[in-house]
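These notes open a run of structures that come right after.
You will see chain A twice below: alongside chain B first, and alongside chain C after that.
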Partner chain A sequence: MARLELRRLRKRYSGSTDVLHDIDLSIDDGEMIVVVGPSGCGKSTLLRMVAGLEAISSGELVIDGECVNDQEPAERDIAMVFQNYALYPHMSVFDNLAYSLKNRGTPKAEIAQRVEATAQLLDIGALLERKPRQLSGGQRQRVAMGRAVIRKPRVFLFDEPLSNLDASLRVQMRQEIRALQQRLNITSLYVTHDQTEAMTMADRLVVMNAGRVEQVGTPMALFRKPATRFVAGFIGSPAMNFLTFSVNTLPDWLPRVPAETNEPLKGELSVGIRPEHIALTTLEDGHIEGCIELVEPLGSESLVHVRIGGHDARLVVRHGGMELPEVGQVTGLNFQGPFHLFDRHGQRLSTRLRLADTNCSMES
Partner chain B sequence: MAPQLLIVLVFFFWPAITALRQSLYVQDAFGLGETFAGLANFTRVLASQSYHEALFNTAIFSVSVALGAMGIALLLATMADRVLRASRVYRTLLIWPYAVAPAAAGVLWMFMFDPTLGVLSRALAALGVHWDFRLNGHQAMALVIIAAIWQQMSYNFVFFLAGLQGIPASLLEAAAIDGAGPWRRFWTITFPLISPTSFFLLVMNTIYAFFDTFGTIDTTTSGGPGGATRTLVYKLYQDGIVGLDLGGSAAQSVLLMLMVGLLTLVQFRYVERRVQYH
Partner chain C sequence: MRYHRPNLDVLAHTILIIGALIFMLPVVLAVLASTQTPGALFSGTLPLWFGGSGLEHYLTLLSEPVRGVGVPAWQLMLNSLLMALGIAIGKLVFAILAAYALVFFRFPFRRCCFWLIFVTLMLPIEVRIVPTYGVVADLGLLDSYPGLVLPLIASATATFLFRQFFMTLPPELMEAARVDGAGPWRFFIDILLPLSRTNIAALFVIMFIYGWNQYLWPLVAMSSADHATVVMSLKRLTISMDGTPPWHLATAMTVLALLPPVVVIVLMQRWFIKGLVDTEK
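Now for the complex of A and B:
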């Protein structure tokens, strides 16, 4: 139970440029923050800095009002679940769970009682005598969780804990982790590269790219109003489609005149459209036409990849119909909005745009 | 027949069987005849005072060398493991002693500890220690132990370093987060996880101390003074090659082989139980 504050955190390795630039983040008591980004964006480094495994180059890390920059990992009273679980291979599950308590000189009777309680919580009571190598992936994951839970830390850290599990187990474990975190109400920082995992688990999401925070917000806020083109492309599956236009040649189906704008738009503009906001239609009704290159049936819907000639772009369309369109067929595409507009630097345009031919408006 | 089998037969079984046969005979001084003597060679060897002394010397020597060489190597490997990036240079430097021939290593240490010429003897004299390994049996023993440790250390270092580098960093990080200090991390995580390496090295170092230290002892002290550094393998050589007691020497070699075999068996039986294979 703690408030965690990151103030202008920066990481620099000697002789190289910064890998993290002025990260500011404030995490409320019991909140689950998920940091998501492509590999190499610095999210794991950030987590390791919070854990105390990496030194902080500059800035402050504050837990409950106290700056912990110079504290050892053990002093910070945090627990971490590692990607490879990092279970001690030579110890039984019992000893793995008890290790942190033993290190802190907890009386034997209390250790036994707390291991028992934790094992019950995570449903691993029958495994206490086993060694980690005798456990399945999901069981190891639970033991790793148990090791984090047992000493009631102030902060939980998760470093891509589900990436070694198969798909179905991953879905199950992410629900369990989320449920457990909410039940114990422990402030958590969770790092992942999987946007579905991030969306489903987070109270608030932090999207990182190249050592910077792109945007912080609830999953739905980020989905509905991505602040940058990067966030727009990263959040949501399948990813948002982008079409690039010169400001002078904006298509008919986009509003030509921004309603409230401080300065005139220049150069190129990216228009982002989610796959669910494009419909396949006849050539006459379409805003644009393209050739169907690939159809991926998913059962309840299909993903249709359409090559757009003039733009040299491939759009993905979420197609709900039961009959599948044919590959090679030329089709019309109807854009339904909302549209996401980004300037040439990838920043969301802070203008109110309105479609000329519909009443569908979009706030930004 | 497989060539390796042939090599084992020629270089191992044949000499071993010859030694076994020889240990049951008494040879005349000129090597022209021999008489079957049963177990007389063995009883004579086992009853002799000098054999007991050599046995005692070997025990002191082997335990000191094995523990010393492994302990120091582990310490160095732990330090090298911390400075991972520099470890390649460090590792190469620390492997060098192993490339030095035992006899050369012996001479090297003999010079450094030479009572009249040696730099280290001079340093010891400055500290008020009267150093003369040619007269003082304990000092002679210390010298051969140091030389042998120095030689074997690099071998151990390579294995320990490989073992240490095989431990995932996340395990030690998890232990640090779990509140274990560096010392406790070492004894509860690192040490158990390199126990297979340690066990292997224990066996190898024992064999080294029993057999391969001959050259080191021969060049530094020649078993002296007064047999203070005469280990079993050195006595075997002296009795057989210098004293020409071939039967007695063969009996000693058979005994030595049995002893090392037994020791290895004991190690596998009792020490290996505590090894954490994972």
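Now for the complex of A and C:
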């Protein structure tokens, strides 16, 4: 078990600009950190740098107080689960599991015993003689996990390990991985593009965008107080709705609170509202009106997509009722807080800036 | 995808049978001719059935020094076998190592190396035979087994094929091996070689036949009978002072020359086809 520290980690490919900018992160012993972001945000590169498969351009990678920048992957004592599992196709499951131990010169008896124990842990005892191509996707996934677990590494790395599985298996495996990680108490870094996976598995979440860390925190903290518009839009499903207003034409339904500074609020504001905080209502009661474009029934609730004329925006509403609204119908929308306010650079409004000609501010 | 239409089957089989007959005809004629008495082959018509000599000519070839060459056929076959094995194994070893370096290592001028190797594909033996002869002569290897094999021991084709195969392997395989503590050498031995088995088998067959059929280089570089090969001897056998080539011996020698490649193909057929067809690894 180990503490992992990333200090101003940077990746630059020769002849191009930086793909990762000064990543700072510290991971506690036994903690599960999930790095989430859209494809191309650099999350996989980050993971591969930690693994030692990509060189570190600048900055330090520290495991248990020791800088491991120049160490080979095997010397770092990490284990990695790959997206395509990367099982050795010509080896049996037993040999796949045993390979890393063999390379370390572990005695045969101990290898057999540890393979046995690992197979039992992952419920793959009956598959030991099979070749990877004779296994189903979920079984391969387990073998890949086993190959990582068997060595008792200091750090576990996961590179989108569930994206090759079908939906129901994915839900099951993510619970199993999480349970296993907690049971073995292994420091883990888990990369995914799936926000549900990220939310459900993480002790702490790292949201990345364009080579930078946008925000780090517990899943609920990020959900409740996203630091940037990007995080707000990325965390939560269905995604948060945004309406843009000029500060001079802020609607009345946005609650006012006393301003904290004298600094005036300028330019445009993005107001973020989660789908569960909008209600369908009559035209008279609504804060705003719109035309229903699409209704997606999910069973316990429905997602109603409403086109707002004046803003050229489409809002998604979580509708709890059993009766489905009709497509094409004009409806009123009622907004309830909390509202998330972001300035035109996408940063959350942290201090309560003063609205022009008033003593008021917006709550955020 | 397969079509199931009876007429198409008949047509396909007809074409296949005609093709097989065309390919078989020279071989059958050679076998038939090799069993004729010397006189029977000079009557002007080619006999279409076995002659009276049986295996007599074969025994003659194998036991007595061959006319125009000076060593018995078994010695020629042994030389050919050594040459073909040397060339085939050498080519495989060099090609797989070169391809390994080209695909899995990043070093300066890597692409340049690849293109240099690739360009040699365009230069057949005939083009470079004079400088090659010079080099081998300077090394003092003329008329020796190393001299027979060494100039033919590297293969751009095999390097290229191995490179293509290695490039189809997911890069994660090497990364997983690295994480598992396998160095470059271990990765090569434990993972790359076993995965290349069928390709190696297929290329071995092709390269063995290529080596076995070498004609020009042994002819130029091997002057003594001790290092003569079967294919070389075929030409010499038919040179005759009195104007009547001993066709009965020449055809028998042809059949003998045919046997080892046939044995190799029959033994490795399954792997050979797998290596050329198999994409699922």
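In the analysis below, the second predicted complex is superposed on the first by the 344 of 364 C-alpha atoms of A that agree within 3 Å, B and C clash if a C-alpha of one lies under 4 Å from a C-alpha of the other, contacts with A are read in each partner's own complex, and residues count from 1 in each chain.
Simple rule for what comes next: a residue touches a chain if its C-beta (ideal position, glycine included) is under 8 Å from a C-beta of that chain, and two chains touch if they have at least 3 such contacts.
All values derive from a computational prediction rather than experimental measurement.
The superposition on chain A brings chain B into a clash with chain C. Touch criterion not met for A:137: it reaches neither chain B nor chain C. By the touch criterion defined above, A:325 reaches neither chain B nor chain C.
In the overlay built on the shared chain, the residue A:103 is in contact with chain B and with chain C.
In the superposition on chain A, A:73 makes contact with both chain B and chain C. On chain A, the surface touched by chain B in one complex and the surface touched by chain C in the other have residues 51-53, 72-74, 78-80, 82-84, 86, 88-90, 99-100, 103-104, 133, 147 in common. Put simply, chain A touches chain C in their complex at residues 51-53, 72-74, 78-80, 82-84, 86-90, 99-100, 103-104, 133, 147. Residues of chain A that touch chain B in their complex: 51-53, 72-74, 78-80, 82-84, 86, 88-90, 99-100, 103-104, 131, 133, 147. The touching residues of chain C, when paired with chain A in their complex, are 170, 172-173, 175-182, 186, 190-191, 194-195, 280-281. Chain B makes touch with chain A in their complex at residues 168, 170-171, 173-181, 184, 188-189, 192-193, 276, 278.
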